[in-house]
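All remarks here apply to the structure that follows.
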């Protein structure tokens, strides 16, 4: 029995040099056990658990994972190359597609980068609305993962509940942006257009619903003994490892660190409202999931604050016919739902960027996957994959 | 499980304390701190938008990163990302972005990879940061920069294993833009200009076609000059007869825009391999030239506009039609500057093959750009100089802008070739039709 | 099935009656799973804030009544794919092997007074023995599919079924001890007579609450229903032993699962819920009417039990294989043994 | 080992049971059409009459999915000695919705309101070729274009709209003056015409210094109109009232 425990707890240190648990993988093998032959199992790219086309090649000893190798790039579309051939307005329509669950946040980063370079004065109202939308989008995203995580662990109901809420919120955002998934509502220097009549009231109502319903997820999963048994202590990611992999977002916060660029380096209006950053203690799957749930409520709080303080006025600035960022380089990071999304924009003063490097959260988070998987059980792999929340497009860009 | 929970909690709790309660350093302070330790290895320190970019010698990168990670005052424990940047001729740069969870300050360590474009090399950081692994593999995928000491850059991370070339290098062609002609290229067809001409006008990217066009343009230029001389005389008399009073205005009204038209066309020609978009550019800028005097008696400017547009566009379609006898088009004798503008197309043409990177221009990106720049400056200088009167100035800007565009586009990968600077040329057709609409 | 009685009386021909009985059993075997399946469709749907199937219907009756029939038709039309690397014959026969035992068990299950095909004195013994044959089919499928996922699923299933056969049998054994007979009919009658503390008429579920719970959990595990569906955990190993199956053969596996739900619920009904008696001590009218009512009562109880199965599926995540094993060997089996001891003692004392 | 079932499991069972009892939120799509907001980016509609072949959409399109063919027409001079004009004629306008990524840039950049978004979304086809909608089809979509929604309270009226309002107002005034002028000679004729003429004519020489009518303004703002609109309307209201008053006085004086 204890052996089963160690299977799920001890961690190999394949990639991390000089970390705390170096060489654990070797120690697990106890002499007593029969000689076994590892089975090479290819999970994905079309596998229910790797929602998307992530592929993980694992070496199995029984059900214990000896080695795990994530293989990515199936959805690589060369965004950075495409961006170099397009002007900033067109990039807006491209950039929101890599992480298709947080389109608005994606656009926001680029918009802010260009605005800072051009030293544009973005209208107050636009900046508040950006915060509002960003938070709605965050909730959309988190709901998705709350559902899918349950689904992967075999609890099939939460995902349907999640989509119930998502539909409502999507309809709300669609009424403002016209899109259900790819909102493309940001523009350099503001927003596409102002909100439709009644949006703010609807938002206020919606936060109430979401809060009420997020309780259902808690009832379904939070206290559920089976769920706890499946996730507690599974895929625990120590902070130092997380840091050296550049892991961010709920995965980092679950490890106990309130690192969130909305707080540490507030952009737009986050500095003027109080942003609660929920954290966990163990950094295991359970904490990651709970942090995600808490973030939904936190976002609701933010939205309420925005609704109280949104001013009237224009949402656009008058721009030259062709937007051109001055020569130079800038790095802008925004707190996307899945973690920190960074945009390193190098401009040579033309209407399209000379280089636009996008640092996506999922890429770094999945890079830590071998560390998390080695020594886990096959079933744990599902719990880990599901709780290191990622979008394949966000990995591959 | 219980054991696990304790283990995890311990690590979690311990780490959480260890990673909090630091004090951020100002970029300048950071720079100073590192400079004194790295000494002459630091090539350059820039602080833009409050962000520190420290350029160091390639071989000092690992040392710099180690310092950043280990010295407690800096404690850059968080590996954010690294980005390759194409520097043109100098080769490539790699910008490594580190962050400190404890102190919450950033640093970007920039390294210009030695080895130029052929064999760029940069030391790896995988021994310091586990996260560097994938990021360096990505940079290798995209730029072919070799990270010395990296556990394994192959198989390729993001592209397919047997992918040829390095996509993010500027000389790598963007296939999607190669595949089909740009739909935005077409201009409204002239009356009488027939289909296939328009067709090959759009699909003209082959360098061969470019040279032919250049030649055609040259010859056309010669004929045009002759014609120009004849016409000028003719026009002088004609003008004198026509409007005794408003000669002056008409004159400099004509001349100022003429200047732009030329330059802008030079620029347009600069940027395109074929003459076609030069034609387009000519059409619109010349039209622009005509704009400032809507109130010109008899709308001479208007006629001039349309004719120039026709000529230039026709020149785009094919040398002969363009250089064809002026008689077959009404009122060709009116404007003096259009043959000259054609001439400019001719002169503008020769630099084209070098200026705009055709397939053969790969890898000569830097050179191409510098030419482009100078050309654009020249072009820009012109209209700025003789942009006559407040009415003319916006168009002066415009043609200037377009010239700049032209140059920029010239420095683009081939996928951009053949795209006129986006919305601008479209304006004049608008104005055209708008006016037309009002009258009819 | 009351018909059976009369027919047998009329013709008094053993073979004819047997044939008729078996025929009716097969009909029941083909229809009952449809009912359960439809129930699962709708209940699951509404528990998840959906409607479930709404279109396919029989005649004017919509609400997806005909969904499973339509599915059946679809399965028949589908191509029957056998992987080239597969062991053809084993692969082809596996569904039958997992299907037949369930059918056979039905033969001995009493659905009402006189409503059974065959009455064996060792009915419960026979039922449990046969029902555990089904695992062979799963193993055959898993092994012959030449698919790693199938193999893992098969191995999980085997381990699981072995682990849960024990609590199942032990729980039943306690009841047998209590009733003093192996015959299912006998158990029902004994239950009818049973009085708690000699006074309160209750089904065995009450005194055997632990046994009942164990039997139910074990049944879930045996059927690999959630939360014990690791053998076919779709998010881990695609569909376990059924990964490579298509069309009719796949339909057979499905059928055997749902028929299995019916059968095990029926056994639970007989063992713990007093069979066809609405409540111990409440007599049913004689003859055909009584048979019909009894059948209705039994079906009602079966549906109730299967409903709970669906309910659990809608609510709970999936356990992990090792946790499942631990639960069986460390919790259920000791508990079951203890249960037997207690029952034995009580039996002797009272 | 997994903790034995406790309240946690029962809670979950409660939730699912409760949900089963409450009505489902499913919408029976083919039977019940979704109500999509007017801004929904479903399909792009073309108002051909407005298109001037400026090529802006085709050029700004990020993935080159708009195809435009056109030619120049010469319009013969209307009066003798006038000059011929040229205008662009649209021959082909096609959007390939198989390529389109529904970013809306074309709709945004169109300077003459020739392109609109329609929430219509049911145009899936069996062949990808049929997803290229020609201008006839795009014109059909035009009928499904809804009116844009009002803006949220506190929003600034976009210039194009305020300009439009301004233009409309001017046009109305000119029309009024024209009518007035036309009906001048008929003054003193039959009563109604005379009355109208008198009113119309009288208006011309009444001059009222426009100023904001505070209560109207407050009321409008209360209704959620943006200040700018409210002020304009308030002024208009004030002027109207003043003119009416003056007219009344004059009528009394003349009577």
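Going in written order, the chains are labelled A, B, C and D, and every chain counts its residues from 1.
Throughout what follows, contacts are C-beta pairs under 8 Å (C-beta built on N, C-alpha and C of every residue); 3 or more make two chains touch, one makes a residue touch a chain.
Model, not experiment: these values are computed from the prediction.
Chain pair with the most C-beta contact pairs: A-B.
Relative to the C-alpha centre of chain D, the farthest chain centre belongs to C. Ranked by how close its C-alpha mean sits to the mean of all protein C-alpha atoms, the top chain is A. One simple way to say how far apart two chains are is to compare their mean CA positions; for chain B and chain C this gives 72 Å. Distance between chain C and chain D, defined via averaged C-alpha coordinates, is recorded as 65 Å.
Each chain gets one centre point, the mean of its Cα atoms, and the points for chain A and chain D are 38 Å apart. Measuring from the averaged C-alpha position of chain A to that of chain B gives a distance of 34 Å.
The residues of chain C that reach two or more other chains are 47-50, 314-316, 319, 323, 326, 330, listed in rising order. Each of the following residues of chain D touches two or more other chains: 1-2, 4, 9, 12, 15-16, 19, 25, 60.
Contact of a single residue of chain B with at least two other chains is seen at positions 176, 422-423.
The complete set of chain-chain contacts reads A-B, A-C, A-D, B-D, C-D. By the touch criterion given at the top, residues 1, 4, 7, 39, 41, 47-49, 63, 150-157, 160-161, 164, 220-221, 224, 226-227, 229-230, 377-382 of chain A touch chain C in their complex. On chain B, the positions that touch chain A within their shared complex are 1, 3-5, 7-9, 11-13, 15-16, 18-20, 48-49, 51, 53, 77-81, 83-86, 95, 97, 101, 104, 106, 108, 127, 129-131, 133-134, 142, 156-160, 167-168, 170, 172, 174, 176-177, 401, 405, 408, 412-413, 415-416, 421-424. Put simply, chain A touches chain D in their complex at residues 1, 86, 89-90, 92-94, 97, 125, 157, 161, 164, 167, 171, 174-179, 182, 184, 192-200, 216, 219-229, 310-315. Of all residues in chain B, those touching chain D in their complex are 176, 180, 182-184, 186-191, 298-299, 302-303, 306, 330, 419-420, 422-423, 425-427, 429-430, 432-437, 439-440. If you check the complex, the residues on chain D that touch chain C are 1-2, 4, 9, 12-13, 15-17, 19-20, 22, 24-26, 28.
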